[in-house]
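As written, the chain order gives the labels A, B, C and D, with residue 1 at the start of each chain.
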Amino acid sequence: MVVVMGPEAATAEVDAVVRRVEEAGGEAFVSRGVSRTIVGLVGDVEQMRALNLRGMAGVVDVVRVSAPYKLVSREHHERMTTVRVGGVPIGPDTFTLIAGPCAVEDPEQTLEAAEMAKAAGATLLRGGAYKPRTSPYAFQGLGETGLKILADVREATGLPVVTEVVDAHDVELVASYADMLQVGTRNMANFALLQAVGSVGKPVMLKRGMSATIEEWLSAAEYVAQRGNLDIVLCERGIRTFEKATRNTLDISAVAVAHGLSHLPVVVDPSHSGGRRDLVLPLSRAAIAVGADGIIVDVHPHPEQALCDGPQALVDGDLRALAAAVRQLPPLLGRGPAVA
Amino acid sequence: MVVVMGPEAATAEVDAVVRRVEEAGGEAFVSRGVSRTIVGLVGDVEQMRALNLRGMAGVVDVVRVSAPYKLVSREHHERMTTVRVGGVPIGPDTFTLIAGPCAVEDPEQTLEAAEMAKAAGATLLRGGAYKPRTSPYAFQGLGETGLKILADVREATGLPVVTEVVDAHDVELVASYADMLQVGTRNMANFALLQAVGSVGKPVMLKRGMSATIEEWLSAAEYVAQRGNLDIVLCERGIRTFEKATRNTLDISAVAVAHGLSHLPVVVDPSHSGGRRDLVLPLSRAAIAVGADGIIVDVHPHPEQALCDGPQALVDGDLRALAAAVRQLPPLLGRGPAVA
Amino acid sequence: MVVVMGPEAATAEVDAVVRRVEEAGGEAFVSRGVSRTIVGLVGDVEQMRALNLRGMAGVVDVVRVSAPYKLVSREHHERMTTVRVGGVPIGPDTFTLIAGPCAVEDPEQTLEAAEMAKAAGATLLRGGAYKPRTSPYAFQGLGETGLKILADVREATGLPVVTEVVDAHDVELVASYADMLQVGTRNMANFALLQAVGSVGKPVMLKRGMSATIEEWLSAAEYVAQRGNLDIVLCERGIRTFEKATRNTLDISAVAVAHGLSHLPVVVDPSHSGGRRDLVLPLSRAAIAVGADGIIVDVHPHPEQALCDGPQALVDGDLRALAAAVRQLPPLLGRGPAVA
Amino acid sequence: MVVVMGPEAATAEVDAVVRRVEEAGGEAFVSRGVSRTIVGLVGDVEQMRALNLRGMAGVVDVVRVSAPYKLVSREHHERMTTVRVGGVPIGPDTFTLIAGPCAVEDPEQTLEAAEMAKAAGATLLRGGAYKPRTSPYAFQGLGETGLKILADVREATGLPVVTEVVDAHDVELVASYADMLQVGTRNMANFALLQAVGSVGKPVMLKRGMSATIEEWLSAAEYVAQRGNLDIVLCERGIRTFEKATRNTLDISAVAVAHGLSHLPVVVDPSHSGGRRDLVLPLSRAAIAVGADGIIVDVHPHPEQALCDGPQALVDGDLRALAAAVRQLPPLLGRGPAVA
């Protein structure tokens, strides 16, 4: 069940609802959005119903939901959400280019990549300080050193920072540096991590698991939302199929399907989907055209020296072509530039 | 091995090459294109080499190819092919809208659907007279009666006809009515059918098998090409994956990958990929943006009464939105309308 | 709808049913089994019902079926079917080893492989004269020459022959040599071929399509059954997944699922599933243990010289180990040897 | 690189190797096995080579490895590993039945299920106190209360306990109750969790990710091994494919493939693979026959009331049939009962 509080509900009124639920042996998760507050309940439905929450002060509605996700569903939340990352919007009115190096390697490479990204029209910087790698013998990222580099580069360029966190232990630390926390494809069903990023008060980018259905992806977002954080951006990054010409198969339909089921913004990662530099531009165009709210793209000043995923990083000419597409196509679909 | 004949090579010169190969125990497949003729050889490579074909009259080059496809490869055929269907081009300079009913049901429904299609900007009519259905108890199409209806509707509307053939026995019959023969996803590896449509002298639309890799798809096209027919259009129509929110998963990347590997045009079927009316428009936009040479779309005057795939057929409002996208987006990518 | 005729129904009685249905504009497919005859109807259900077929002589029951398959379903056919191939049973009481070369290359290789197979306990000989290959430049089989070799080897060894047919045109020819016709994975949804093999009066081995669901596989079997042939053996040969350590992923569960849904025998192809010689023995053991009615295995006297799929063909030591497993395990599951 | 220490190497000798590597800026992971100790190195290969580790006391060999996994590979560890869980072996000489409830619900249900398991021949008890569920609104397990119930039931029945841990924070707590820690399919690539369970000194059961390749699965095991723990049991539990008749597709070949690549034991979970009670027995038989070292099976005294996965839990008749198969089949493959 979900308790919908009115836009003018006082904190004390919300607290009273939570208290009544907990005293009855249930759990209550408060999600404060811009326009209203939602309280998700877990516990015996009959018992919850007997609490007569609908009669309490500040409560507008009590809804029973059977889908595995509620707070992120469009069912009771028709207006699409705009998430702001360091002031930069990701939502229905804009198209956001997020770009940067796959992995933070050193200050020079990161700054250079950020300046390339900014020149191409990016308004958010991506970069990994913690890299989850299939092999424990592959480069695992610089950790906190990398986070500091990202903060310095933000200082220098003005670009807010999106970076991945792979361990619930590190969430507070990463959140102290980053403007948006990314949960990667391998961790989409790491529920402890989802709950931790949901609790820390920073926007979250949730990548789709490489074999997750759209329903499972939205259910993972619900784990974040339950902790009171609705500032979630979904990221389609390709699914695992039999086709081997591409690293993953970009499920372009998932953007439209997720937009139909959820009020959350959806961005596309054309770099990790294809795993090939020559596919980044056509897939980015397709993402814009299908209605994505943004894209997140790997750039690197010297891809041949990259410690991670060099073959998919954009350089000069490709990046200029991408910049042109990002300027020209979104306005045709009613979207403006995403600036803070 | 492939023997490339010069543009001015005489038929007798081509015949001489074939004869020499066959006398040596090999097989030779002649493919006459607009600009040149190609002869694909099968047989012992060493023996073929000893024939000294390069010295024969009319021969420009003899190439040894190791890929499973040769004639359809871009490797020795850099310029992209434009296929003409009843005069209507499908190729790099245009964007072609192919539309019509999934199945031909009766003259009225077919004419009405064709007029809807034409009003939306379609310049080719699709429609199935032979329907390969999973269950033998489902509607299997009207057969020759359906072909006659299509021919009548072509007469009435001026739209050339694309229609499926499912059995090598029927190729001559279908070719006597149709302007383009479609090989469906279930028959992509029906090599007897591929060879039959390759021999009959009409353009071919080859749908990708639902679990075929891009390499296998191009190899299937090679079976058609080997019989002397390079007027082949590839059609991406979604692959089979674990995701069930859509009927199939549109592999949008495959358009770009196939364009990189082959000189053949590639179109997208957004109707069968998603299996949902609400996805046709966004997927069509994505197809245009990724660089497809056209789309093939189901329309039906009364989808709720359709005998086949009603839930994905477009009607009024949706079709107008599609028409607008097909007018506006392709010119941005340098493509003009595809008219005869 | 399905009309079930009594075991003692006369041919004239069956014909009368068919005539009445056809006169009403419907279609009737007669399937004569050992114990009874079934007539499957296609047409308007209400109209069929009005014919009062239940009252006709020889009719035991008229059943309305909603599943995409009827004749092959266990729903009205609880007893499991035993198919006899040149006298050799494939069914619930026995375990049948089918073995031979992937492709017939010449008389010596075929005879040698057949003798290896026989020595290992095989009672049916497999061997391909028509090979559907992804690339048109790969070896496509010897055609009728190969069929003659198979017939000669049958003469020499006494082993009935199972061989693939890939084109509806060739069905009569292949049936004139073979004891069982195989429809391969690429042709599982080639409905014209299914109907042709269903009409020719020889047992059929139907391989599962590489991305076919179990329901689609049974529906394909229904196409064969509709033409009056219930002597169908299903063959699980691996499905296409993301895993690349094996050529396909053997869906061992499919054997048990198919046995639950259909009365037809199910065999397993451990050679094409794994594509690796070292997996044939463990996968054969698993097939026996899961309840398969037989296995079909590639053997070759000189795998390193094989024209097709050499890496999966068994030779001496492996084949002896397989022979031991086939002798020892099936009796524990209540199955005896499958001899004519 | 991997440093192999001799069986008699002193702790001080191992420490010296680690110190030298760390002083050179590299990382060293010590894995102490029964017969020898292995030190895995991460860092610049050239620099490591220059350290001349081969000359140090106690060092037997220094091996450069290119595969993404080393310590779990058979390449330098030909003898198959036997893992002991509370004294009960899982390895090449035995067949181990692990059984119990999917989720611990209360003391009575758990004890009853454990007694059912024991009567059927199980020598290890499974049961979940922490349940990772797709929906945050589904039952998530009893947590520490559940662990205490498991410990009490172990006391009562003598069965060592296998239970899942889903969060690195909980590893110490779970390890204080359990005899073996299970890492579930959703967490196979949760590298922080893998490292935590690798450090705590208890055997680990590592389920395969639902879309993980076998290579990725072994690489995940390597994360555990790197922390000094080679007591790892791999568990094949079905992969995600297009087929929907079963919950997952049991990749039976993976057992044989993993045995070829790694010295670790491999067990099969026939309950979660199929998700259907009627498939547990045939899939268990197949698992035994293919060469698995054990199976892990859901049992529940009242499946219709189960809070989790009731449709796949075994009850009386089915469980007796399973017990019979586990008694009869493994001895034919040279395996004895797995008792402490």
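In this section, a contact is a pair of C-beta atoms (placed from the backbone, for glycine too) under 8 Å apart; a residue touches a chain by one contact, two chains touch by 3 or more.
No experiment lies behind these values; they were computed from the predicted model shown.
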| item | value |
| --- | --- |
| Which of B-D and C-D has more C-beta pairs touching across its chains | C-D |
| Centroid comparison with subunit A (C-alpha atoms), farthest chain | C |
| Where subunit A and subunit D are represented by their mean Cα positions, the distance between them in whole Å | 33 |
| Rounded Å distance, subunit B centre to subunit D centre (Cα mean) | 50 |
| Inter-centroid spacing, subunit D versus subunit C (mean Cα positions, whole Å) | 39 |
| Two or more partner chains touched - positions in subunit D | 211, 215, 240-242, 244 |
| Residues of subunit C touching subunit D in the complex | 211, 213-215, 239, 241-246, 249-257, 260, 273-274, 278-279, 282-283, 285-291, 328-329, 332 |
| Subunit C contact footprint on subunit A (complex, rising order) | 211, 240-242, 244 |
| Interfacial residue positions of subunit A with respect to subunit D in the complex | 40, 42, 68-70, 132-138, 166-169, 186-187, 189-193, 210-211, 215-216, 219, 222-223, 226, 240 |
